[in-house]
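Structures for review follow.
There are two complexes below, and they share subunit A, which is joined by subunit B in the first and by subunit C in the second.
Then we have the complex of A and B:
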């Protein structure tokens, strides 16, 4: 169970740049087109980021860094989401907020 | 031999009929009847070409009766009646026989049986035409005034449209003021028009038209009369009025769904219906606050009261109205977190643009399963909404929010009085029923009573107004000619046979029969008001001495058809 609160990554990402994953309408075209097409890339990653589910994004660190930034998804997104720019911002956010070791 | 000269036309309907029915055999059987002068088949009898061939047959062979064996009479009765008229033949001398729905389509596994049945039905059809007589429609003059019941946007716009066609209009509204729901609204989707302003403009437009009589605090108490000429009673403001009207337009709108106590937390502070939330927005100047506290986060729960066991339909307006409300929130509280918990987004047409804009401006959308609705937890000082979000792989999410907005749908208005007075047809969903949603969208099965707007079922304001204007067109088409032709297939009383017992008067569901002329030693005789008779035939079997006949369906014709069918069995 995830509790969504305003303090999670949404506003932080917005502060880093032009983050627009919330414009996603969840059609799934990007995932169908993505040459890597993992479980999470790119639709579900956009979803976790848009909802501000920081823990989920951290768990999917691999996916975030494996993206080829080829922009195939972005070219085809009917909602005009800047998917690769969002991935870049997620990378930066992950570097600035590394997973805590416990 | 009856001495009639009858033409019989048997249709292939492409292959719809001839793939299963031996059309040549049917034509040959028809030719056996000595009164049949012409019998032919045709690929498409309804085509212009075949119609003109039939018309020339009628002239050339001096035909005085027709049988068309093709599809259901529901489809082409009027087509062939018009054709007969063009050929100078009385349209009631033609009989339609249905060998498609009743033969080829139903007996695809039995070609021989289908053919035999088609032959029997055609023989019965010939017998019917043999007994037919030319009938003339009854012409009545129509009253150049319409009654509009309900003064919401639909009724107001319809009244204006009717007045502009030159008709007089009586507009009856049950409340103190015209306007209905829209008269209470602030900015509306899709254009941001303020509902109150829209209604104010319509009120002015009505005020400028002296041919519109507005009666507020009113209700319709009675309706009587016959096609094109009805007497209606209206009580308004304690006074009673009687009007003659040619047509009635019902535009009585809807009620908003009221959630039950505890339904999605309803009743707890901070849980509002969409109506209440819009009122809050309309009152808001500057900061968005509820009971003195800033609203930083809110959850909209869609489809409350719609698409469920109690109200199975989609209320259509509410997705768009909720999205529009969230855009208004984004204007006054740009940082507020807005969660939309939906089943399906139905911001159809251009309203999709609002949906896109709302996501661009930060609204977050989550989808719950039909059988797994969100749960609202109402704590002493907090609200939390939980759901399984299908867009996040079913992840359970908890949303602590300041406000919960229940996106409530439309329900039918309780209208038992009006339904009783006008005999309005009420559908399974509780809204009023038109004859056909696409082909006859504003007429009802009750003659002279039309419906439009949200009383027919959920509609947006623009859709309601469009249907109000459709009602204007329909009413004007009926009334503006000044006269109406009524179907001549009505009951007739054989006066010499009638004993004046009166059994028929109580059998008639339309009150079209009364007894006349008793006293002075003369016996009373039943008389049928041709304008009031609908040709249903309920009176015919009620008469103990067979003194009533239905023109177009006389006993003579029906017996002839039965004999023809019985002969077929005997063969």
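Then we have the complex of A and C:
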């Protein structure tokens, strides 16, 4: 089951900076061009964040912190999404919102 | 197995907040070249190294240690090291991350080479010595914005107290931090920040100064653009212009300019295996274009050289612009 957390894309990420993953058109150019060649970076990660899938973002912590911030994706993004800054803000969110134990 | 992310980021942030640098670099050693050149302290224009070239041999040493720790049962105990590091200056890090003199000397020579190039071009500038602080680039990339915001205030205060208006940087990471990131945290931010490559390209190398082929070079170099210079700061033409003026034929790899391919270095501190894989792929692209590669970032230099394993020569652009290699060695 997937849990959506509306506050993730609302107040939590918006409070950290100019998070604009919602502008993503899901075309996949970013992932095709990513030097790390993973299926998560950066398109799926952007979708998880844009949909408010907080737990999925937490599960992909390694992808978030292994991103090179090289901006190759951003340079070729037809929607002009600030992908690198979004990843950096997700790092900040992960550091400030560690997983709570049930 | 990777190291615990929060502990690594926390340790680096603690050091920046408490000590003004992510790793303890001996300041007297790192600024020795400026004293030798008799550069004045501060002034309208300063050369600002951000200790980036000087810190890279320490980061590389730490990376090797992490690669060993990450796969060992000691990895989870990094939290204890962080607590100890807060209490004791440079706890263990100076000992475990201390590079050999031969590993340091090449990187410590770069600021001196850049200073000499600027003097030759007629630029009048000073230096900040112990106030030449690390830019906080690594901590910012990890998302520790609060720590970086405070550090940006500290750097801006240092620049103001030394009457600085123009800052000349020597690496892409310090350039983007001081030019594009700090203005978000410090207002007003009234400093003009430019890379030495931009300053030299505007002035041109002195007439008859064609040192490129004197540096033990074949005369042809493949340019590896830094992602940060090319895509963050738009610095693409300046290095090519300078290399051509230095008498070198510039060759372009498969991915060049704003479409450059990363060296893998930014993943080094947390995921060294991923960094090595990206670097190896880039080395193949560079090797297809020539036998000598020129870099303009200390992180690119160390990562590509490590991945190349001697299959291609990898050198910093300042070395080509300075000419004879024998003149580039700093005192050890």
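In this section, the second predicted complex is superposed on the first by the 95 of 102 C-alpha atoms of A that agree within 3 Å, B and C clash if a C-alpha of one lies under 4 Å from a C-alpha of the other, contacts with A are read in each partner's own complex, and residues count from 1 in each chain.
Criterion: a residue touches a chain if its C-beta (ideal position, glycine included) is under 8 Å from a C-beta of that chain, and two chains touch if they have at least 3 such contacts.
Worth saying up front: this structure is predicted, and the values here are computed from it rather than measured.
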Exercise for the section: After lining both complexes up on subunit A, report clash or fit for subunit B versus subunit C. Expected result: fit
Problem - Partner chain(s) touched by A:92 [first = subunit B, second = subunit C, both, neither] - result: second
Exercise for the section: Report the partner of subunit A that touches more of its residues: subunit B or subunit C. Expected result: C
Exercise for the section: Applying the touch criterion given at the start, work out whether A:22 contacts subunit B, subunit C, both or neither, answering first, second, both or neither. Expected result: first
Practice task
Answer with first, second, both or neither: which of subunit B and subunit C does A:36 touch in the superposed model?
Solution key: second
Exercise for the section: Quick one: classify A:71 as touching subunit B (first), subunit C (second), both or neither. Expected result: second
Exercise for the section: Report for A:58: first if it touches subunit B alone, second if subunit C alone, otherwise both or neither. Expected result: neither
Completion exercise
Shortest Cα gap between subunit B and subunit C in the overlay, whole Å, is 22
Fill in the blank from the handout: Both subunit B and subunit C touch subunit A at residues none
Handout entry: Complex contact set, residues of subunit C against subunit A
Key = 2, 5-6, 9, 140-145, 227, 231-232, 258-262, 264, 266-267, 270-271, 274, 278, 281
Handout entry: subunit C-facing residues of subunit A, complex
Key = 16-17, 35-36, 61-62, 65-72, 74-75, 88-95, 98
Problem - subunit B - residues contacting subunit A, complex - result: 296-297, 337, 339, 355-356, 359-360, 362-365, 367, 386, 389, 391-393, 395-400
Practice task
Under the touch definition given earlier, write down the residues of subunit A that touch subunit B in their complex.
Solution key: 1-6, 20, 22-26, 44, 47-48, 50-51, 53, 56, 79
